[in-house]
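Listed after this line are the structures, all set down as structure tokens.
In the two complexes that follow, subunit A is the common piece, with subunit B as its partner first and subunit C second.
Coming up: the complex of A and B.
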């Protein structure tokens, strides 16, 4: 029977053993892989400006040797063969009963363009005579050495991942390290998803009853249904948090959250959470692709219709709620390129945009005011659909969306030249990907002076922390506590504070939120400090902070190091 | 004298006076002729409590013009029947759900200022509340709050550990101004619990967001010790407050007032007033909550001998349209009445009755026109705190607004 040997060298290595035969053959491997690194920092150079066609690749990380410790009680010799999957180089140890085998993998692994990251993927075949056994190993070089190999590039890539996503994890940064900035941006955009990564919420199959049908239920059944709806509403929020935690495309979820904050609706006032799920999916489907398509759909979105009273906006008795916010908050900006007199006229255009008894969109001809309206100086028998096209035709609409994107992803004083260029690109197609590419490759975005100048939203603060430290959240109740954590900092997803949506910048934080954000950072420190993957110990500050800490950082232990980094005010910004 | 035994401030003297049964030491303030600096200057023992009715409160269903046929014609589903109205004058009365405030009216402690607002409204919630909080004209964009500009040059004594307390905050606030300390909190006890290990910092980064955090850190760290001491030594609040959004906020104000802490301004926020549809039920809940919380606060302040030290007033970004809409609700409007309460407030109704005539509605886009500038409410609050007219004029950029006639 073989037993594994632990080695102190294992802290930077992870072993993945996919073989179901491991137990059968009675051979276990420790992740006892020692390695040495040379050549760090040999050829990195500065971060090239985004306009450069080709950036030099980062320096190579070389592995000179790998040591495997294994014991076996088999009588026959233990044979170990190692392969670097990327390079195809082989190395083997002499057969023998020696339980420690060290073998060379070649003097240096080049920075191979085919590699996606810096980690080495190695395979070992072990044979103790009974049964062959394969062991896959991933060797992560110490993080601080990766940072030191090219600190400028590291910070630039981290900035991109952090600002475009939900907390930059080591793997995400490392993947971006191997490619140019433009390529890294392209990879982010190519990864955008029009649907969620996980399955749909479990309750979607539950039928939606009309108010009349609910009224016919017994009191007990009505109460039970309301209890269920309350649970589903909570679980819808957990579901989105889970999506944010697990998604391979955090930029997708950032955009969904962005649109949720621009074209707001709320769970409060929706009879069934199904409706907010449908809207959330519409935001994902079109908010990652084309704004015009989104703007055409949301006026007919049931949750939106309920949130802004469109269902009761009827001929002869218009309700201005949606019309006003459409212009003021969703497409043009307060008083921009419209008059107050347009509001009641646009409300008339949208009369009849209602719901059937089961909360599906229905255009109610009898409620629609088909008379002449004057909108933006034009007169005609316009419908709401016509209004959306008239709004989209305005360059100001594209400019407004670009301003919002700038504020979301860059923040600080607006760069009107950049916003103008983005607007030219967005109007009139409203395709979002080229505009996002321009934004993420702009000097305003990449400028190192911008690092650490943007306030994290509570979602980025809390969910970002889980992602930054690669916590395996499936083993705890974090999706539930995340609701409390983000809500206490005033970002309760699906419940925006008002129709203007989430704050940005310094507006996120007053004295109360300064304290609750700090409290959450402290709690996350306590909560995560015993769950931290040890391999994050090196370079932890480079991973967690965008700029130098304000206070002193305690490096006596991983626990204190982690705790003091999270509590530092610099952790609140990115 | 619950804290800071080493120095005897004016506030301590006032409280001592009250304790010895000398009556109101500040009584001369009452007689101060408008236009003069108030004798003795600012009274740091006093607090203004501003309650934001977030969303735009429907003034017509708060203070009801029960003799106006137009009101009933234009609001077939929403108008409050004349017989239900708590009649205060021959034409105006309280929403029946404000019954808990009737005793304040009877005691001459409740003033209603009619038709407050500003002209040329664009009816935006956000622009509206920004105008109210900054004290700007409708075509003027200010980035400081009216109270921030008022308090900033005033240099309060050292035992005033903050210029304002914000018990709920969305967006702008009237105390906005760098170097003015506005302490946002959910409650003073939570504030102390979360801040007790906080220390001040001398760090500065030159980055706006980070420096914002460091400023807050210093403001909180500087205040927390005094708040903690005062709360620890306080006899506590004796009245049971309703367990509602506003009830909790006013309970927090009472806790601080009773503990001897003083902040010149408390700003509270109570939301849900954007009643575009199904207004009747929702507005009834809001009125009920408002009245119950205010009544509890008044009871507590009176029993603690603090009612003369406070001026409570409501404000809101706008009133609502006179004609009800198709959803049995009301859309964004303009002028509206607001409540002013306190032991030193002279009760009554000030200003004009809402003009609901067809010609007025035509001329005012269907709204109740503002008949008094909303900044007169602030001038009243500032006078209550002892600011001179010239200080008030200065806070409003040179424009003079006179206090309402309730002081």
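Coming up: the complex of A and C.
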């Protein structure tokens, strides 16, 4: 079973009717209300040997009793009685101002309603014989009732999860609804990962041959190797898509994708996909934590060296590709806080930043120009490492990164005051978490006028659809399909269109592209509509759309409802 | 008579896959037998309780309670 399938099974353990196994577990749990059957019937978590006898796995969370505690303004005899499903044990409270009655939730209740089971209505009457009061407690309320309970908070939390992640699911939104906005942001940031959630791609153990070693292979062996490399390249893209689908921290993968579009490299420039995996992991390790650390490593990243021809940047024959992009696209912005004359000098600083025969970074002393260079008005025997420190010392570098983060997560006209405040925070430490906290808690981000004003990237559109409705991509047709879905909308991950990286905002869409995006939404609708978990029927429009639909929505059935929501232009934005 | 404060206390258990439990953002202590006890103040005429169990693999299980009562006037938003 693949990781994706395992995840699917785990999710579906709570999204389908109880199996005989779960029914048996339910009987074993008589007397308890359970909320879920996570990993039902499996050892789960891998923390026990398969052969060891284990107790049946009960619900992830169960509630066995509810106690009502009431304080009154004067001494009185208050009776607290349970109604509806809460008709368990109860007791009259003594005279006084503090009253307490416990209700053991008995076996007459379903032992495991789960998130997808029916809602449980617990009613409690508080009566002193004069002015009765009633308390309702609904466990597992329908989604539309959750929205109705606090629509402002729902929309705010949905906006946060949607904009910072890859499609907002009910679980993610409801977890955020339980806390304040600032606490929800803190939880997102605390969840950032420096490593991927799943295992590394399977092909990493395959050796990387030098060109010379490849040349010594027979023609058949060379052809076989190239076939393997093509498969590994495809599977690396599938691997990252799968990481986006499975990660408990979608913000992590959004940041990796963000940096992949800023410090761009491509599979098309690398002989082995191993190198792009290494870069992808570098982006995850440092791009979630500290920009300076990332900037110090990427000039020595083998995929970057190949993509921007640093390997051919040698003493006496400087190649300006990396130097130019470092300033224009990676750190300062075109024409910002540097002179054209700095570029060839910086290229000289980076001479010798090359690769060995097996594509590992190697500083080649004989290729390095160790003469004097003048960079940003300073003269010295600078290396590329020195240049990175000089760039990082510029406030403009921090400002440029903040502009990019603003464009990625907020979009629309830049709020220069916010960007200025973020820059003050980012420079000179380059710690990213405080800056992201400021971004996600800013008025520019939380303003309700911004809801539904940002065009989703194709990855957000496609991966987000699967995540929103909690479906695994293994349901999709073939290994290639999801790559085709995002690629046809012009976002083929690991193959950015050019060194400028991915478009943003409305640049994602032109007349042709919009039709393709809508066609993909239609295909996803066809493909997924029969697999939609029934529990999504309530509040589906609230889940899927950030703003009111443009067209009329067909609500005759869950299938039609889902289809028309995905086809509505409002689904293209978040 | 007026009810000036209303709390509910939940008692229950989590399974062995659960590494931590938070209720409305606050971490709840888990006993050795994996039981928990948490008191939640009901601040207004309508309130919600969100239970988030974090599992060993980092994923989360989220459950929700909605509370509505007629005992205490609604707090201003």
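The definition used in the following text is that the second predicted complex is superposed on the first by the 426 of 574 C-alpha atoms of A that agree within 3 Å, B and C clash if a C-alpha of one lies under 4 Å from a C-alpha of the other, contacts with A are read in each partner's own complex, and residues count from 1 in each chain.
Basically, contacts are C-beta pairs under 8 Å (C-beta built on N, C-alpha and C of every residue); 3 or more make two chains touch, one makes a residue touch a chain.
Keep in mind that this is a model prediction, so the values were computed, not measured.
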(request) Return the chain, subunit B or subunit C, that is in touch with more residues of subunit A. (result) C
(request) Quick one: classify A:149 as touching subunit B (first), subunit C (second), both or neither. (result) second
(message) Quick check for you: in the superposed arrangement, does A:183 touch first (subunit B), second (subunit C), both or neither?
(response) second
(request) Report for A:288: first if it touches subunit B alone, second if subunit C alone, otherwise both or neither. (result) neither
(message) Contact-wise, after the overlay, does A:453 reach subunit B, subunit C, both or neither (first, second, both, neither)?
(response) first
(request) Could you say whether A:171 touches subunit B, subunit C, both of them, or neither, answering first, second, both or neither? (result) second
(request) Considering only touches as defined above, state whether A:507 meets subunit B (first), subunit C (second), both or neither. (result) first
(request) Using the superposition described at the top, list the residues of subunit A that contact subunit B and also contact subunit C. (result) none
(request) Can you check the complex and tell me which residues of subunit B touch subunit A? (result) 54-55, 122-127, 166, 169-171, 182-186, 191, 194-195, 198, 201, 203, 205, 207-210, 212-214, 216-217, 219-220, 271, 276-277, 325-329, 331-332, 365
(request) Using the touch rule from the top, collect the residues of subunit C that touch subunit A in their complex. (result) 1-18, 21-25, 39, 42, 46, 48-53, 55-71, 77
(request) Under the touch definition given earlier, write down the residues of subunit A that touch subunit B in their complex. (result) 308-309, 312-314, 316-321, 324, 328, 334-335, 340, 343, 411-412, 452-455, 497-500, 503, 505-507, 509-516, 518-519, 547, 550-551, 569-570, 572-573
(message) Under the definition above, what is the set of subunit A residues touching subunit C in their complex?
(response) 10, 14, 32-33, 35-36, 38-39, 44-47, 55, 57-74, 76, 78, 115, 126, 128, 130-131, 133-141, 145-146, 149-150, 152, 170-172, 174-175, 177-180, 183, 187, 191, 197, 248-249
